[in-house]
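Quick heads-up: structures coming right below.
Both complexes shown next keep subunit A, but they swap its partner, so subunit B is in the first and subunit C is in the second.
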Partner chain A sequence: MENTGKPASVLTARAAGLVGCTRCGRVHDQGVAFCLRCGSALQSRDTLALQKVWAWWWAGLIAYIPANIYPMLRMTQFGRPHESSIMGGVIDLAQHGDLWVAFVVFFASIIIPIGKFIAIAYLAWSVKKGIRTRDVGRLHMYEIVEFIGRWSMIDVFVVAILTALLQMDFIVTVSPGIAAFSFTVSVVCTMISAQSFDPRTIWDTEKETPRV
Partner chain B sequence: MNPIHAHKDKLSPNGLIACPTCDALHKETDVPIGMAAKCVRCGHTLLRPRKSAMTQILMLAATAFVLMCAGIFFPFLELQAGGRITRSSVFDAVLAFSDGVMLPVAILLGALIIVVPLVRFMALIYVFAPMSLGHYPARYAPQAFRLAERLSPWSMAEIFIVGVGVALIKVTGLATVLIGPAFWAFCGLVVVTVLKDTFMCKLTVWKTLENRRLS
Partner chain C sequence: MSDQQPSELDLQPIKRSFWRNLSPLWAVPLLSLVLALGLAWQSFSDRGVLIEILFDEASGVTAGETLIKYRDVTIGEVERVDFTEDLTKVIVYARVNKAVVPYLDEDATFWVVEPEVSARGISGLSTVLSGVYIQGAWDDQIGTAKTTFDGASTPPSVLPNYKGTRITLRAADGQMVSAGAPIFYRGLEVGRLGTPRLTSTGDAILIDAYIDAPHDKLLNSATRFWDTSGFSVSFGSGGLALNVESIATILSGGIAFDSIFENGGSISTSAVFDIYDEEAEARRSIFVGRVQNGVAVSVAFGESVSGLTPGAPVQFAGIEVGEVSEIRAQVNDENPDQAITLLASLNLDPLRLGMPNDATTEETIDFLRVSVENGMRARLATSGIFSSSLIVELVMIDDTPEASLILRGEDEPILPSVRSNIPDFTATAEGMIERINSLPIEELLDQAIKTMASIEDLAADPDLRTVAPATRTLLEDTSALINSPDLQAIPTDLRATITDLRTITEELRSADVSGTLTRALTAAETTANNLSTASENVPALIEDLRTLTAKANSLEAEALITQATTFLASADAVINTDGARALPQSLTDALDEVRLAVAELRGGGAIDNLNAALNSAQAAAESIDVAASDFRVTMADLPRLSEQLKGVLATAERVIASYGNRSDFSDETIRALRDVSDAARAVEALSRQLERDPASLLLGR
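Entry: the complex of A and B
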């Protein structure tokens, strides 16, 4: 039940001439369009998955560049404006001595997005090449990417909360910079990119399942 | 779960489960309550039935809904500096982006923090209330449950709470910050959401929905 035995001998729904539903697991004969249990559209493999993954990946990457160059947040203190980019905000936090918080923001807005770009690219590339090594490892990589991607939104939320709190009548006022916009776009694009990936293709090989 | 090995004959789709993440076929067996059935190939949990899971999920979804309503309208942070007090609610945070080119961001934030979680909780209540109080699911229960599942990656209330934490630390040097009731409502929401997600076994819910369907 739990241990993985001999993974090579496992029969997939596709190899058996059937289609499995990715939402509820019900198995159907090939040619059935919608799942009889949950109503989701059935597809043995999403043949356009890699195209969608790369399209959203590039969109996310392009939006990520201005997100790092332009200011995330504009702070006016005693009439003096001070703009800080994502990295600038991390450095400000670290200089104030809040190393732990600086680390959280650094992790959420720099390490997670970059790691995500690399991980999705590697997964898409390995599936395209039909590489069959460390399958379970690659699945875990995919699950981590899917789970952790949303957390990049922290920095945008922080900017929104600061803007709401520090309004006009205070000594310090904060307004969001244009990078907040491009960063949000980048996070949304990479989330859709990760969701477009079909993890079932991790196990497919040329021999067993001819790729369309 | 018992895997299906290479087969000569054409298999009948009935009585089989395909792993949603890796497509491996398994024979469908009754899993005892409290046990988990995992995919032999990728280790994905296929079935994990729990005792009175329906009622638990219903109660947690209802709690989350109430907490969410409280969290939106009560102030979540209060700032005191130089004799002035500003209160801001979650609503104000969303509206922070509402001018000019940032308007799409404001709409998106409103969706991620407020609308998506609320719709998700309502859909779950709609699915589980009739089944847990009576027996048969409501008419559009499969559609509602599918919506709830599709929305789940976009429900970001818990990320918002961590954002509040970071913002608090950035502000503490400038003013005195008091934490409002909405902050605690959101913290409760995070706990309830985590519990709800661990109690819910999707494949079991789908099977139950199918078995109890009015035909």
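Entry: the complex of A and C
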């Protein structure tokens, strides 16, 4: 394979007059409307992909704002209520000396979602604008975003488990706050946003650049 | 690079309009936006109103944690705690629910709820774990809303929307009550007290009292309040009574009330009630009002009424028929001997006297007049065994001098009285005086006088006169001493004393017994001491007499006469000593003191305080003890005296025996010596009696 490692020489299926089935993977000639094997609709490029990405992206971002402002957790300990937002919880943990736990929470609840937003926005923007860059890198970025997306739910899981376990009436009671719901919505939206992205478009930018 | 272009493929999609190109998915972020905005708007609109509460101190109030509660429901939270500019107060900024804000007007009050352990129980226990919270209270009227409030340091006595009646209580002493003390009605807590405060003049304590609805209906003009603080021990005609309401009242005080009579009128909201010290007093306070058609009569008492107080009951055969309403002195024009009479006004209840319900005053007075003609008299009586307080008794006395109800026109008629017959402690005192009276002092003195008379006879004998004129002179001196008015006056004085003491017992009936007794015993003690001093000189005289007889026994007549002269000289000297002279004087002094004591008793007032009486009794007992020991010392001398007299007798008999014949002289001498012997026996008998039972003199047994 001489061409290995030379991104400029990537030949896309579209350029080759082919179209792949996204469900079963069978390759058809262009012009075939439905997959001959599984019957799903064949489309060389999802024309609405970017719109979907952006729609979900915005929805996730909007949901992310109350997720950070409102309390994630409402804990009533001996009749004394205590509410903590995500950032407040991180600061509380850090002040108590649990730096590692604070870092994990901070990473899972702040870094990852924000990183995801940035990554998806960058992918969508670069595809739209046809920015020339290392395509494999973008593909890797896309794969990481898709993989890591589910781990953002760790916060929600923690709240759900605590709520289920700590129901001891007067001694301690935990209930989820508005932020927990918002955060869930945000994570789900960003996941769908990432899923909506059509990674095939990454390669299209190459097509428009003059080939050597 | 080149113009060579691939043939134009119709790959280019048809140009679609922007709207047709728009994915319906854009509804998702729109929805999300709407939700987020909705959330923001909701939380902003629910944010509540920031109010400021000023506290002197805000112990335990923490920003972001301390809650604001109304009726124990959270309505807000403290946002910030700060100081005023001059640092004199703490400002608590709290955000409260919008719903309650309109009610936060002038009467809204806030206070910090802390755990409190008091006599009335434990409150605010939940705050031990959850921390303090700020409780608010206001009424159900929407007023001009405020945002700045003064916080109270303690919970208000009543909440602003209190249902009940507020009245004012007045007390002379604020010690017995404290803020929040309970008010009881028949033992049930129906209200509580506010904070006591002084009147502007400072002569009384005013306390707001709150009687909860519906119990405030019990309040009327017949209501009387009394103090149930702590416990009360009363010691009266009913015996010893200990009243304890509850532990809480012991520590923090309490007030009880009741309607004392029926059909009390309604009260105004600004009604002021007095707090009486005890229930009985409260009930008595309106006794006059309770007696329908109460008939007022007066009783003139010829004796001291000390111990009789207004409010004392009037009893007829043990049944209370009225009470003493007033005691006053009145100048009596008719009776010059007793210029001032003591008039006690009695308020008699005709119903209790057995009169019909609609009896008029005239009918009642007529009834009383008939009763008096039948022998009904008023008399003072003690209300209890140990009590010095007196009551008035109406008694039927059969064999009493004629008397009648003195009608005085408009004034109260005067009910005749008889002297009281108070049989208790005074009787014992009387018995003791009788014992003193029955002592053979007079006998002893008679014996002494007889002895001296015999000695005088002896001296008057011609035989003896020839022998020793000086002896006769001495004997005359002795006789003069014995016959001296001072010495002669002793029995009379003693009798007078006893008479006086009898008078004392009479006086004791109207005066405080114990106090009088103490003074009498003090005087008696002084007398005993004086007697003791006087008797000290007697042994010396006896000693000389013995020396003389010893000489006489061994020597002839001339020598005897010389010795006798010497003895008599020394006897004279003894007699002339201050001690001997002081004997009658001391006795007189003692008697004077007794008399003085009696005089004091006549004018003395009564001590109606029980404590004082008991102290006096104790002092009396101590005085008796001292007097007894003094008396015992004196008595110890008596046997010695009798021994010495016996010795004299024996010696003298031996002298006479040495004369050998029964001459006139010796007969006279023997008679004289027998008299001496009798005297010795009398002294001995007295001393034995006293030795056997010294207490008999004092205790009268």
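Note that the second predicted complex is superposed on the first by the 188 of 212 C-alpha atoms of A that agree within 3 Å, B and C clash if a C-alpha of one lies under 4 Å from a C-alpha of the other, contacts with A are read in each partner's own complex, and residues count from 1 in each chain.
Following the convention adopted for this analysis, contacts are C-beta pairs under 8 Å (C-beta built on N, C-alpha and C of every residue); 3 or more make two chains touch, one makes a residue touch a chain.
As the structure is a computational prediction, the values presented were derived from the model and not from experiment.
A.B. asks: Considering only the touch criterion stated at the top, classify A:59 as touching first (subunit B), second (subunit C), both, or neither.
C.D. replies: In the superposition, A:59 contacts subunit C only.
A.B. asks: Can A:40 be said to touch subunit B (first), subunit C (second), both, or neither?
C.D. replies: Once the two structures are laid over each other on A, A:40 reaches subunit B alone.
A.B. asks: Quick one: classify A:95 as touching subunit B (first), subunit C (second), both or neither.
C.D. replies: neither
A.B. asks: First (subunit B), second (subunit C), both or neither: which does A:13 touch?
C.D. replies: A:13 sits against subunit B, while subunit C stays out of touch.
A.B. asks: Looking at the overlay, what does A:156 touch: subunit B (first), subunit C (second), both, or neither?
C.D. replies: A:156: touches subunit B, not subunit C.
A.B. asks: Quick one: is A:178 in contact with subunit B, with subunit C, with both, or with neither? Answer first, second, both or neither.
C.D. replies: Once the two structures are laid over each other on A, A:178 reaches both partners.
A.B. asks: Give one of first, second, both or neither to describe whether A:167 is in contact with subunit B, with subunit C, with both, or with none.
C.D. replies: First partner only.
A.B. asks: Check the contacts made with subunit A and report whether subunit B or subunit C touches more of its residues.
C.D. replies: Result: the larger residue contact count on subunit A belongs to B.
A.B. asks: Could you tell me which stretches of subunit A are touched by subunit B in one complex and by subunit C in the other?
C.D. replies: 178
A.B. asks: Which residues of subunit C touch subunit A once you look at their complex with the stated criterion?
C.D. replies: Residue list for subunit C touching subunit A: 1, 13, 21-23, 25-29, 31-33, 35-36, 39-40, 43, 65, 67, 126, 129-131.
A.B. asks: Would you pull the subunit A residues touching subunit C in the complex into a rising list?
C.D. replies: Interface residues on subunit A, with respect to subunit C: 47-48, 51-52, 55-60, 62-63, 65-66, 70, 78-82, 178, 182, 185, 189, 210.
A.B. asks: Using the touch definition up top, name the residues of subunit A that touch subunit B in the complex.
C.D. replies: 1-2, 4-5, 7, 9-14, 16-29, 36-40, 93, 96, 98, 101, 104-105, 135-136, 139, 146, 149-151, 153-167, 169-172, 176, 178, 180-181, 184, 188, 191, 195, 199-200, 202-203
A.B. asks: In the complex of these two chains, what residues of subunit B are touching subunit A?
C.D. replies: Spelled out, the residues of subunit B in touch with subunit A are 1, 3-7, 10-11, 13-14, 16-25, 37-38, 40-43, 46, 77, 79, 81-82, 84, 86, 88, 92-97, 101-102, 104-105, 108-109, 112-113, 142-143, 145-146, 149, 153-154, 156, 159-160, 162-164, 166-167, 169-171, 173-175, 202-203, 206-207, 209-210.
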